[in-house]
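Think of it as A, B, C and D in the order they're written, each chain with its own count starting at 1.
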C-alpha cells in the first residue's frame, strides 16, 4: 500500500491550547508532502465534507476530543489517530511527547485499525423517532439534581425490569471504562458487540450490571412523575429532555469507530490496568512475560 | 425428524430424594415406548458409555445436578434437559410440577438447543499439564480459611495485574449468574464466548470484573507464601491443591454444554430478573410487551 | 403523667389524598376530648407557632412527610408520630390500618421517644454564612445531568480527600437507610451521632463510605469548572446552587428529631431487614428468638 | 509526670528480621538508662508477666505484630508503640527510619494514648462457653474452600437475618480498615464503640454492611449442612472449627487496646486516605488547611 497522502487534523473546539499543537502537526505533515487540513473551532456539520475525503484524521485532546472526532469520522469509515493532551486517555494512541517519533511510521501505514462498536439512540413517541444520534461511550438517561427516576426497561420488546435510580447508563464496550466503571460496571473487551446496562444509585431495584445479547434493542419507558425532569445525553452531551410519552430506544449503530493503533493488539489490558490500579506493584520486566 | 427414542435419566448421586423422581420419569418414558436407562448413584466414569449412545439426558436436581450432567454429556454433544428439584435454578427447564405436561412435546423434539461455552482448566508445572478438567460455571483459585493470596495474572502470556484477594473466580457467561454474581460480577448473556474474571474480597488491588477477549487464555501464578494453602475447584468441586511452581491456565473448552429449551429464545433475562430482584413490582401483563 | 391533651395533625402538603386521613384522625381526637389542629397545605413558616404549643404532632404520608414534619418540630423538641401512607417507610410508626387501634395507647403516653441526630448545613462564602438549614436524612452536593464534579473535602479544617463524582452524600444515621444506601453505604444504628459520607459514582477517587468522628465538621470546596452547575439539597429539597467561591459546611445540628415509638426498642434491625432483603426466607416464629 | 523507666520490646515471633531491630532499640533504651526487656520468639503466655510490669511495649513489625502485641497488652492496660517494618500499616506510629528521632519524645511522655475497642468472641454450646478470645480487628466465621455457608444471625437475641455467604466478618472500628474494607465495608472512626458486620460474597441475601448499636451482642448460628466445614478466626488466627450445635457470640470486650500516638489527634483520615487512594492528586501544602 502507498503511504498516506490526505490527512485531517482536528483540535478540540473548546480547548484553545490544542490549536497550536494542531498547527505544529500540520506543519510536520506538510514538510513531508502530505496534503492536510486543520480545524480548530469546528462542529460536526461543517467538517463533514473534509473528513469524508481524508484517509485518517488526527484528533488532539483527551477522551472528549476522541469521542467528538469519532462521531464525525465513523459514518465515513475514516480512522482516528488520537494525540493525548489530557490526563486520562483510554482512546488516544500517542502523546504530546511521542507523536513526532511515530509520525513516519503512521504515514507508512505501519499500524492496525481497531474497530469499536457504537450505539444508536432514538427518542421515540408513538412509534415516531423524534431525535436520534450515535455514541461511542454511552447513552445516559438521568433525572435532575437529587431526583430518583423510575424506568421500565424492555429488552427486544419484553419487559425486563424496572429501575429506581438516579440514572441509567447504556454503554458500549468502549464506554465500559468510562462512566459505567464508576457505577460498578465490568470492563469489557473493546471488540465486543454487546450493550452494557448499569444503573446509577439503584434503590431497592436491580443493581447488577447487565450485558445484553448481541443485536439486542433496549427500550426505556420512564414512569410519569409530576416533578421529574429527565434528560438523555450521548457521550456526555445532552441530546434532549424527555416529554411524557417519549421512550428511549438504544441498539447497535450501523457505524463503527475506527482507531489507528501502533501498539500491539494486546495493548488494552496492560494500558487499562496501569491506569486503574496504581497501587498494584509492578513486577520486574523479566517477570511480565510467561515463559512457555 | 423422528421422535426421540433413546433417553438417559440421571438422578443426583448425593440427593437420594431425586431417585424416585428418576424412576417415575423412566416409567413415563417406557409407557411411551422410549428406550431409556436410569442412573441414581453414578460418577462420570461409569455412565460415559450410556450417555454417549443417548439422544438426550434428563437430569434431576438443582443447578448442581445440571453442572454434573453437563460435564459428562458435553464431550458427546448430548443435550441435557433439567428437571428442577432445588430452590434456585438457572439451568433447568422444567420443574417437578410441569415435566409431565411437557414430556410429549420433548419427545416430538419441539424444543431448541441452547449451547453454552465451557472452560478448560489445566494445572501446569514446568510446561507440563499435571491435572485438568472442564467447567460450565467457573474455576476458582482460593486460599484456605481467612488467608489472603497473591496471584500474578497473565492474559495471553503478558502480565495483566496481581490480585491480593481471598480467591479469584474465572467464570463462563453461565457462571456469571453463580458465584461471580455474589462478588459484584455482571450478568453476561448465555451465548457469549468470553471469560469473566472476578476477585473475591480484593484488598488494595484490582477490584473490577474483567471480561476477556474471545479466545484469550488466562494464566494465574500464585506468589509463593510459606503459610498459604491454595486450592483449585471446578464448578464447586475441588480439583487439587497447588504446589509451589504450579500455575493455573484457563481457556475456552473444546466442548460446549447443550440444554434442551422449551421456552422462547428470549427466556433468559425474564427468568433471571424474576429471581434476582423480587422487590421490583411486576407490571400488569398488558404492560409487559412494548407496543410497536 | 397525664394523658396527651394538645396534638397537631399535619397532612402532606403535596399529597391531597392525605387530607381526609388528617380530618378523620382529628375527628377521632376530638371525640376523645383532645384539643387538636389540622394543617393540610402548609409550609414551615406558617405552622411554627401551632407546632410550638403541641405535645406531639401526627404526620401523615410517607418518609417525605416525616422529613418535613421533623424539620418543623425539631427546634421545639416536639415528637412526631408518623402514619404511613407510602410504600416504603422507615420513619413512620403506624399505618392507615392500625392507627385507630393504637390511638388510645398514644394518648395515654404508652410510648417511648426515639431521638435522632440531624445535620446542619451552611453555604459559606469568605467566612460568611449565605444560607443554611437542617436535615434529618442528608445533604447532597451534586452536579447537573451527566456532569462529574470535583470536590475538595476537609475534615475539621484539614484536607482529607478530593472526590471526582456525580454527587457527594453527607448523611445522618437516619439517612444511612435512604439515598446513601443506594450508593453502597452501610446501615448505621439510629442513635449514632456520627456523619456518614458516601460519593455517588466516584471515578478514580475515594470510593469507600466514610463515617466521621462524633462532633466533626466536614467542609466541601468545589473545584471551579466553567461548565459545572452544582446544587445543594437537604432531604431531597433544593437549598441553593453554589456560586464560585462558596463552600458547603456540614456538622451535627443543635436540634434532634423526636419520634413517637410504640414498638420495642429493638425494632430497628427487624423492620429494616424485612424491607431490604425479601429474598431471605423467614424462620419459623419459634426460631426467631435465641434460647438463653 | 516522670519519664518512662520500664519498657518492653516485642519482635515479631515469625519474622526473624525484626529481632535485630528489637536489639537495636533495646540498646538505645539502655544507653538512656531505661530498664527494658526484649522478646523475639514469644507467645502470649510466656510474656504476660513481663508485659504486666511495663509502662509501654514497643512492638516491631507490620499490622500483624500490632495485633499480637495488642492482645497481650490490653488486659493490663499497657500501651503499645508500633514500629512498622511492613508495607501497609494502619496501627504502627513509627517507622524504621524515624524511631530514633522520636525516642526521646516518647521517653518524656510527649504522646497521647489512643484507646480502641476490642471484641470478645465466644463459641457456645448449650449455653456453655467452649472457647473464647479477644480481637482488635475482627472475628471471621468462614466456610472452607469454595463452600457457601448459611448463618442465622441474631442481634440481642432476636433473629435479624440469615446470610448465605463465604464468610461473615464481625469487626471493630479498627478492623473496618482491614478485611472488612475488602468486602465493601465502610471506614469507621477508631474511637467508635460499635460492631460492624460485613458478609463475604453474599448470595441472594443481605449484602449491606451493618453497624450495630453500642453494647449489642451478635450471635451466629450456622445452618447444619453435611459437607460444610466452618472455622472461626480472630484477627486472622484460627480459634477453632465449629461443631454442629455450636454458635458464635460476639460482643464488645472488657479490654481496650491502647496505642502510643505522637501525631496529632486528627491523624487518622489523612493517614488512611493517603494509603487507600493514591490516585487522588495531592493538593499543594498551602491548600491542605481551610482558611477560617
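To be clear about the criterion, a residue touches a chain if its C-beta (ideal position, glycine included) is under 8 Å from a C-beta of that chain, and two chains touch if they have at least 3 such contacts.
These figures come from a predicted structure and were not determined experimentally.
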For this session: Using the contact definition stated above, find the chains touching both chain A and chain D.
Result: B, C
For this session: Would you kindly say which chain has the C-alpha centre located farthest from the C-alpha centre of chain B?
Result: C
Exercise. Once you count every C-beta pair in contact for both, which comes out on top, C-D or B-C?
Worked result: C-D
Exercise. At the interface of chain A with chain B, does the proportion of residue numbers present on both copies reach over half, so same, or stay under half, so different?
Worked result: same
For this session: Find the geometric centre of each of chain A and chain C from their Cα atoms only, then give the gap between the two centres in Å, rounded to an integer.
Result: 40
Exercise. If you average the Cα atoms of chain C and of chain D to get two centres, how far apart are those centres in Å?
Worked result: 34
Seminar exercise, completed: Rounded to the nearest Å, the gap separating the Cα centres of chain B and chain C is 45
Exercise. Going by the touch rule set out above, which residues of chain C reach two or more other chains?
Worked result: 181, 204, 276, 279
Exercise. So in the complex, which bits of chain B are touching chain A?
Worked result: 127, 152, 154-162, 181, 184-189, 191-192, 194, 196, 204-206, 208-214, 219, 221, 247, 266, 268-270, 273, 276-277, 279-281, 283, 287-290, 292
Seminar exercise, completed: Note: in the complex, chain B contacts chain D through residues 88, 140, 142-147, 165-167, 179, 181-183, 200-204, 231, 233, 236, 238, 275-276
For this session: Spell out the residues on chain C that touch chain B in their complex, using ranges where they run on.
Result: 278-279
